[in-house]
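Each of the next two complexes has subunit A plus one other chain: subunit B in the first, subunit C in the second.
Moving on, here comes the complex of A and B:
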């Protein structure tokens, strides 16, 4: 008897899991990530409209992947310098983030503010970070948005002394991801 | 009892295994990226490696203002000149009509050569998606000599004062630091000063860039001329040498500075490839120091 119950339990768990796995991951393929560097000398901004992110709704696990080459600057030469001399995108092509949305309730409708805790890998440096994000859930379509600041020294991005006044030491990053089912 | 233990073990395995399956979210994301063409950036940093053209063109709407200068000494001179006896400069601008097509114009002080150029990027090197192992740029220039210089006389007619340079520039960026360029060159000289000399010249250029720092690279260039200009006159006999240069490029923000040591004093391709008077060595009068400043304006503010 005991054995049969266990077997049923396994089967239901297994079937239930494989079904739910297909539905419980949502993906964003056209996420917007922008960064801003404000100084008294120069304002620099760049936008990436092809950032990717995926969330596992069952456990709040989240992954983000951003191609550095897809950042578009107003000045073409600045874009080249950014890739060639600052983030070295031919060696480190992506920014990756992998972590968890803490206390995430995927069934809660409306807006909730949560912390994403995870590891960001950028320019060959892995760092633990916490990002506050607004989660807007309208009938199962999720939008994550927010902003945070990055200290460029933390990721070993070196600015030549001559340009120290042109490039901010902390870069403001804003993001917005709209998720749909996989 | 033993069998049910096995069942529990199985449950535990299922529980442990399932989160592992879900772990590789990042790997799933990597598969999602579309094959967007990622053209290789910055094979060379400027439109010129040192004195010759590079595979690069400017992006659409970019206006480049350039000032190239060269300094050298005259052998056995008694001048009071500080640093260098002679100086020449070329002032010019390049404008990019599209991402592939760049035009330019310039004039040099020492030789009075005006030249206009057009560059078209036929193939851009691409390491992802539909790959292209090398970049190919077509180059054409027309130059007009407006006065005599050194021992080069000013030809009588307008047509004789013209020279044409055609190049097929082949370049590859091998890794993030090293780029190499081969430049098959055809030069048409209309001048009839050297009677027995050919008017059509074939040359092969070699260029390289090595990035030594984030903003600093070493660049070098050499042109082999298959059929050089021949001067058969008995008095005042002239020899012509292949041009060579080695230099340092330093770029920061919108400014690029190029410093070089070279044996050529002309900026026009038809002239510096075929009519370089001295060899590259440290003898008095042979060594030329080049300093170039290139400033870039972005006139096209409407980028996507």
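Moving on, here comes the complex of A and C:
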């Protein structure tokens, strides 16, 4: 399933538009995505600085791809537990999101707040999500930022009972993507 | 009277013995805890500088490997310290960190090298077009190969 999505992603985005509509697509290769888990026992946070995203400005279509192993934690042990026990990066190496920015006006200068509606694929689970996003357009250079919450149960992430108190049930995610033309 | 003294003496000795054993055990427990704390709980991240590696590859070949068979490339490279040789496409400074992009097979696929803080001075001397050897931990493939904790290395002292 993931392979198919990736393939469709590559085909529709790269080959099709590379000749005809190169100007219409913008890309972010160094998007920043962080997540936070706050509990009374322990605070855990991790950041990924190499998240990818592409927007088709003509129709507001957006795709995001994040490598789970590229999340950096303060403690090496947390990073190990995260990859091995929780998100199982060997089996599900990526988070993928594919959707649309609703009522997106790519010509509008300045800041606009829109909803990104789409499907997020994470830990083998596909879920429809809506994320409120701030879009800052300064003469054609777009920055998307915002935050949202992820319920770890929704993505079938199992926490051993012994560590249940250390890990929040709802994880806060913040993101910032700076796009440039391809 | 004398019997009492002896028995008191023995019980004192026993008490002493218990204290010593208790003390040794306590020291041992403290040592074990501090070992666990530093080496397990606070285990350091992989030191790329000290790590030795036999995995050395050109940026083009690395991307070709991921393009042809991502699963097998994942098992070869992911979470391993590798050295990549490639031509600098771009150097960016974003979110307080330097990233060196190495040219891949085509315009869309590159190697993203997230550079270690220790490298900042050396990075300032580099220019796009130059060929460099970068050592880092390979994290996997999106449409670029992503490498973290990267350092610049000379070809001679790989």
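We take it that the second predicted complex is superposed on the first by the 162 of 182 C-alpha atoms of A that agree within 3 Å, B and C clash if a C-alpha of one lies under 4 Å from a C-alpha of the other, contacts with A are read in each partner's own complex, and residues count from 1 in each chain.
Note that in this section a residue touches a chain if its C-beta (ideal position, glycine included) is under 8 Å from a C-beta of that chain, and two chains touch if they have at least 3 such contacts.
In this text the structure is predicted, and so the values were computed from the model without any measurement.
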Check: For the overlay on subunit A, clash or fit between subunit B and subunit C?
Finding: clash
Check: Now for A:178: first (subunit B), second (subunit C), both, or neither, which partner does it touch?
Finding: second
Check: Touch check for A:56: first (subunit B), second (subunit C), both, or neither?
Finding: first
Notebook entry, point to check: After superposition on the shared chain, which partner residues are touched by A:98: those of subunit B (first), subunit C (second), both, or neither?
Noted result: first
Notebook entry, point to check: First (subunit B), second (subunit C), both or neither: which does A:166 touch?
Noted result: first
Next item on the list: Answer with first, second, both or neither: which of subunit B and subunit C does A:75 touch in the superposed model?
Entry: both
Next item on the list: Return first, second, both or neither, reflecting whether A:65 touches subunit B, subunit C, both chains, or no partner chain.
Entry: both
Check: Is A:85 contacted by the first partner subunit B, the second partner subunit C, both or neither?
Finding: first
Checklist line | Touched partner set for A:129, first subunit B, second subunit C, both or neither | finding: neither
Note to self: According to the stated criteria, A:143 is in contact with first (subunit B), second (subunit C), both, or neither; which is it?
What the structure shows: neither
Checklist line | Partner touching more residues of subunit A, whether subunit B or subunit C | finding: B
Notebook entry, point to check: After the overlay on chain A, which stretch of subunit B ends up in the same space as subunit C: 56-64, 182-190, 218-226 or 236-244?
Noted result: 56-64
Next item on the list: Touching subunit B in one complex and subunit C in the other: list those residues of subunit A.
Entry: 10, 14, 29, 50, 52, 65, 67, 69-70, 72, 75-77
Checklist line | Touching residues (chain side subunit C, partner subunit A) in the complex | finding: 40-46, 74, 78-79, 92, 94-95, 97, 99, 101, 107-108, 110, 112, 114, 139-144, 146, 148
Notebook entry, point to check: Which residues of subunit A touch subunit C in the complex?
Noted result: 10, 14, 29-30, 32, 49-50, 52, 65-67, 69-70, 72, 75-77, 79, 93-94, 178, 182
Notebook entry, point to check: In their shared complex, at which residues does subunit A touch subunit B?
Noted result: 2-3, 6-7, 9-10, 13-14, 17, 21, 25, 27, 29, 50, 52-54, 56, 58-59, 61-65, 67, 69-70, 72-78, 80-81, 83-86, 88, 90-91, 96, 98, 158, 160, 162-163, 166
Next item on the list: Going by the contact rule at the top, pick out the subunit B residues touching subunit A in the complex.
Entry: 3-4, 7-8, 10-11, 14, 18-19, 21-23, 25-26, 28-30, 32-34, 36, 38, 40-42, 58-62, 175-176, 214-215, 251-254, 296, 298, 300-301, 303-304
